[in-house]
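A, B, C and D are the chain letters, set down in written order, and residue numbers restart from 1 in every chain.
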Amino acid sequence: MRLSIVNVSKTFPSVKALDDVSMEFAPGEVHALMGENGAGKSTLLKIVTGLYRPDAGLLKLDGELVEFFSPRDALAAGIGAVHQERNLVPRFSVGENILLEHPPGRRGFIDYGAIYDRARVLLELLDPGIDVRAEVATLSVAQMQIVEIAKALSLNARVLLLDEPTASITDHEAEALFKVIARLKAEGVAIVFVSHKLDEVLTISDRVTVLRDGRVMASGEAIAEMSRRRLVSLMIGREERIADVAGGAKQGKVALELREIATSYGHSGINLRLHEAEILGLYGLVGAGRSELARSIIGDGRITGGAICVGDRPARIRNPNEALRRHRIGYVSEDRKGEGLVLSHSIVSNIAVTIWRRIATRLWLIPPVVERNAVTPQVQRLAIKSFSLDQTVDTLSGGNQQKVSLAKWLAAKTDILLIDEPTVGIDIKTKVELHELIAQIARDGAAVLLISSDMAEMITLADRILVMHNFAVVGEFVNDRIYENGSEAIMSAIHAAEKDRKHLHDRAAIA
Amino acid sequence: MIGFRKFASQEWAGLAAIFVLGSALAAFLSPSFLTEYNIYVMLRSASVELLVAFSQMIVLAIGQMNLAVGALGGLVAVLFGAMLQLLGLPLPLAILIALLIGIVGGFINGLLTTRTGINGFIITLATGSAFTGINLGLTESRPFHGIPVEFVALGDSRWSFVPALLWPPLIVAPLLAIFLYRTKSGRKLLAVGGNMRAAELSGISANAMIIVAHAISGGLAGLAAVLAVSQLGAAQPEIGSTWLLISFAGPIIGGTALAGGYVSILGAMLAVLVIALIENMLVLMKVDPYWVRFALGGLVLVTVGVNRWRAHQMGRN
Amino acid sequence: MKPHFGRMSGIAVVMGLMLTGGAAIASDNHIVVAPGGPHPYFAVWEQAAADAQKDFGIASVKYRVPSDWKLELQTELMESLASQGVNGLGIFPGDPVGVNSTIAELKTRGIPVVTLGGCAQDPTDAVFCFATDPYKTTYTMTKALIAAIGGKGNIVHITGQIIDTNTKLREDAVQKAIDETNGAVKLLQTVADTDLDPTVADQKISALFAASKDQIDGIIATAHNSSAVTAKQLRSLGDKRIKFIGFDDDQAVLDDIKDGFAFGTYLQNAYGQAYLGAYALDLLASKTCTMKADAPWDKSPQTVHFIDSGVLKVTADNLATAKDEMKKMATGIQSKFKATYLNCK
Amino acid sequence: MSTTDLAPTPRARFEIAPQLGLAIIVGLLVVVFAWKQPGFVSSFNLFGMGRSLAVDVTVGFSQMAVLATGGMNLAVGSIGVCSVMFAGYLMQDLGLPVPLAFLLAVMLGGLLGWLNGFTIVRSGVNAFIVTLASANLYSGAMLILTKAQPINVLPPIVSSIGSYEILGYASPALVVALVIGLALYVFYRYSVPGKETLMAGANARAASMSGIAVSRSIILAHVLSGVLAGVAGLMVVARVGAAMPAVGGEDWLLPSFLAPVLGGTALAGGFVSVVGTFLGAMLVTVIRSGLLFVNISNFWLQLFLGLFLLAAVLAQRYRGLFRMRLT
């Protein structure tokens, strides 16, 4: 089915989100929709899926005019989508979530057998490891993402919109997804693919449309004729810049040391040394136990063995409150909507939360002016775009939200900062800004532990890299910031660990 | 052992264990506890409360609350009485109309909630006051006594220790279970409670489900009221005036999520039974009236504590 | 609705008054009688108010009911009535202690308040209390029950809300009557909080029967709904051995007496309370009369300005003639009231 | 990433703005009632209304303090009555001076609140169930200790506070309620613990990860709730000049929710409206009192109360000023 978007405009009270936008998604093609955060992609997707109505312009399916008043209409017309927000019912099973739109059954009754059978078929394409009967609430973030994709596939949609489907899944799972996409393409489905991962886009798409500030910059150009450089300059309006983060700051004293740490999450024998003015990278695939380690350090998980030293003194950190106040450790969560931000509160509050106690007067009151003055430098430094500091965070774009969640730790000026996946779902321009900022934080003397699954990011930023696999550290090397060397070192560490494990496994099997 | 672990992992397992242990304790302390008649008395008292708990539970399922459960029950009870005494309607017809009134009352709650977009909490608080107002205006707080003898006798009849009044909740419970766990509409309703946005994106009409939940809630409150009339032998205007707390305590102690999207029917039933057991024990043990409330609070806390401890133990393993 | 006993007796009182040439002083007073909340007991007050207005030529006698049994609502009603220019107020106190400050405020504004059906606790500014004495009545009822069960055995007391101050008085009265038997009668159990929601009452009373119906020889119920539910329970139990003495005139209680499931009940003079209350308030508000300082007040644990409105013991023997007896009692009090308690110009 | 590319509507800068509709409705009602019945705005009626308003507002604040954390406090009335009886005991039986007795009684409220909060935080059981049980425990203990007997020989100063008329219109209790309101406004808007409580209520995970001691915030909220319940109880003590076991209890349950929720406080936590709670209580008081002046037959009053309430809420919604913070 061919979906045409003709001269669509959409204005919100404060901004023109889409300005006379036209494009066409053809059957049997993967069409990448690119653009920075705030370029209007999500608004466009919401119009196509019936969540928003356009102010002007129209939608056509195979040349026929269509109007969507609700998501139901769009679904009925054969348009399916994987949205960015989690759209799962937590206490329902995986299978039921996948088939929520049209559960199999007769006369109003549900046939669970059929649900699980069908869901299993869909999941087998992506990740056979997920139990279709498991409650969604018990799944990991990556698994939920897979379930969302399976859910979209279940629709047998003729137009399939995928908004950042690979943001939180492993490379392995992403590859499975691309195979499925290839098959759907062969079946004549029109696929719209939204992603910030340029390499991914260049590999799997046939055509690309670029949006910038609500306007179309390039419409449906063949990917073969599009270079990476041109794509970036269309998106950001100028040439791509690589973050200037050349290390070289001298390493200071040891700021944080873990000795033979074991945790309730299942880590064991973790040794780690983090110096002042250093960025220590913690690389690993999704599920390697990196975030869990960071959480355990700040007291959000239980340490069951070993010792933590902050500075040169042993520390027992029981909760994040103690981590911040007593040991000056901050943690920028990967789950920014769930843990990093209080979405319904203002920008000011979200940033100043870590310093309220410090800036309060003797009566524990915070004059608004003082709070504002304390926050403004961070807002400016990070170039957070908003028209008022009192704006609630849920009205910000993802990139700006991420900046806010980082800004509060900049404001706190902690000695040690654990940063978890800082650029997931963030556009290129913002990503570069964030990279430079992280480098600056380290240059200013803070000890930074950077967790990332983005190898390029890791190699750009880290001074040293620890490789984690299966809740253990399996390798460590000094990063010379040359991509080939770094990736080689990382992959060999992981492979060696895999082999070891397999070996152990086999031995266990023989015994 | 595997069977036991499976049992213990159930949310209602703690309550079931407490009920059994509590019963054993009561039997040990008071010889009259395990008599056929006493068990009948206890179950008879629980009958209305079970329906009241279900009535609240179905609204909790969509993540809302119904503060008008008792007020609507009271209204249905007196209208039911009026139909029998003043209009002389035949009993089956009167029951049918009473249930319809309950459903309509719930429907109004649901309609107002969805049409205005105002939370059900406020709407049902206001309509509850209105329902009570109609009740008082019609009765001037005097009960209707003209209830057919055979209907009152039905409320007193039993088969061994099973009161006739227990049948309606016993029939409603599996129907609710089938509805919520097996039918498409039921699943949609729970999906709306679990994640309204996701449900809407999946083409489910949240508004329709909210109205359905409120209508069912009203119907169940109406049924509870009809049972209460049979139990009391008179259509008392005070019926429902103390339903509010039990309506929440049953489902919530039983494991239903306050936030919506998950209910435990068996849990709610067991919670109501445990509370009925506690109340029965307090009378059987001849507890000084001044100690009754204290003991009730303490025992509820113990119940919840034990259940929590079980969940904790399961979580650790 | 079936005619209420109280209402019938009330009409009879009016007839009686007319015959004896009841005083018909025209006045421009606005009198209000108000219970503590909606309750079937007070249903006859409405008629009593209308009758008083007509019989005594008062400008208006209104019956106003707070929308719920909450002291706060009654207080608001009283304040509101004062702002609306009422001249005299007869209330059933929502709380015997809690109403006093409002009564005092009304007094300073020149509005006399009498308490009807129940008393305010001394020290109070209420002019007098015209009510059933809970202590004395309960004591009498218990004595009657003890006599009915032959002077020995086990009895149970079923009573109203525990936070109602009168509940304690009733408990004490039951205890006193039992103590006087020197151990021949035992109080098996007191079951409280059975007056508000009949479902709760039903649960407690049925559990009571399940636990010890064979040991119970007599039951006394000292609140309206407690009594109604006990009556219903005894009937469904089909037990005529247990002697039951109830309170008030709920249809279930009267039917039980007729059919032998209940021994008797004590009727309060509800109509008379509102009727006489309005009459007295009119006289007081007109400033033509004042209370006699040395009036022959009855004794009550709650107040020294107590006038017993009387209760009537009704058993199978006098079920038929009860309304006539009620009439006699009410007219008796009414005819002597002015001379006994008032100094009039 | 952009969920919404830019804010469709910026949230109002001042908390008062969304409450404007409520204020207008209350104002209109007062005008209508006063026009129909001049007695409605007589000094005595205004005084009386203010006095009961003070109790409703304080009870509403007590509930609001816990709603801020996303919990509920079903024990507001039970804590209130415990404070009431304790104050009576201290004054009558121990002969303590009135201010000291009041202070200690309020502290008892705080202590009982602390017990709730502590139990909730330590056990992980939700506030609803814990306070349901503790409501019975507290009022049960009160019944055991007092045998439900009122304490009515209090120093005369107590009831003269209750009936003292400031300028003929205002009750001291109303002034106290206003001062509490002001203090709470400052607390939630400008103070560290207040702001932390709201954050913890909006998203406990995020607040905890930002270094807020969420457990402490929850306990603090319950202490505050207990203190305010105690204050409300003492207002009644002053009002009736006695300590009675019939104060509070379940009678306070629905009103305690009514005022904050009408005023826009979120049941889900993280947002409170002090001004709204005040206006919400005012709305109810005005309707209730106004209906007493209009000639409505006795037993239908409750119906009209419900209908008026419904109409007021709808009107507010219609004006587009009623915010959906209640999920």
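Quick note on the criterion: a contact is a pair of C-beta atoms (placed from the backbone, for glycine too) under 8 Å apart; a residue touches a chain by one contact, two chains touch by 3 or more.
All of these numbers come straight from a predicted model, not from anything done at the bench.
Remark: among chain pairs B-C and A-B, B-C carries the greater number of C-beta contacts.
Annotation: 35 Å between the Cα-based centres of chain B and chain C.
Once the centre of each chain is set as its mean CA position, chain A and chain D turn out to be 43 Å apart. Put simply, the C-alpha centre of chain A and that of chain C have 74 angstrom between them. Within chain D, contacts with two or more other chains are made by residues 143, 147-148, 298-299, 301-302, 305. Residue positions of chain C touching 2 or more other chains, listed in rising order: 38, 67, 162. Looking at chain B, residues 133, 136, 140-141, 290, 292 sit in touch with two or more other chains.
The list of touching chain pairs reads A-B, A-D, B-C, B-D, C-D. On the chain B side of its complex with chain A, the touching residues are 182-185, 187, 190-191, 194-195, 197-205, 257, 261-262. Contact residues on chain A toward chain D in their complex (touch as defined above): 12-15, 17, 37-43, 84-85, 164, 196, 214, 298, 300, 319-321, 323-325, 330-331, 333, 338-346, 349, 353-354, 356-357, 360, 363-368, 386-388, 390-392, 394-399, 401, 408, 412, 425-427. Here chain D touches chain A in the complex through residues 1-11, 13, 186, 190-193, 195-196, 198-199, 202-203, 205-213, 270-271, going by the rule given at the top. Those residues of chain D lying in contact with chain B across their complex are 74, 123-126, 128-130, 132-141, 143-144, 147-148, 250, 253-254, 257-258, 261-262, 267, 297-307, 309-310, 313-314, 317, 322, 324, 326-327. Taken together, the chain D residues at the contact with chain C in this complex read 37, 39-40, 42, 44-45, 48-49, 52, 55, 143, 147-150, 152, 159, 162-163, 239-242, 244-247, 249, 251, 288-289, 292-293, 298-299, 301-302, 305.
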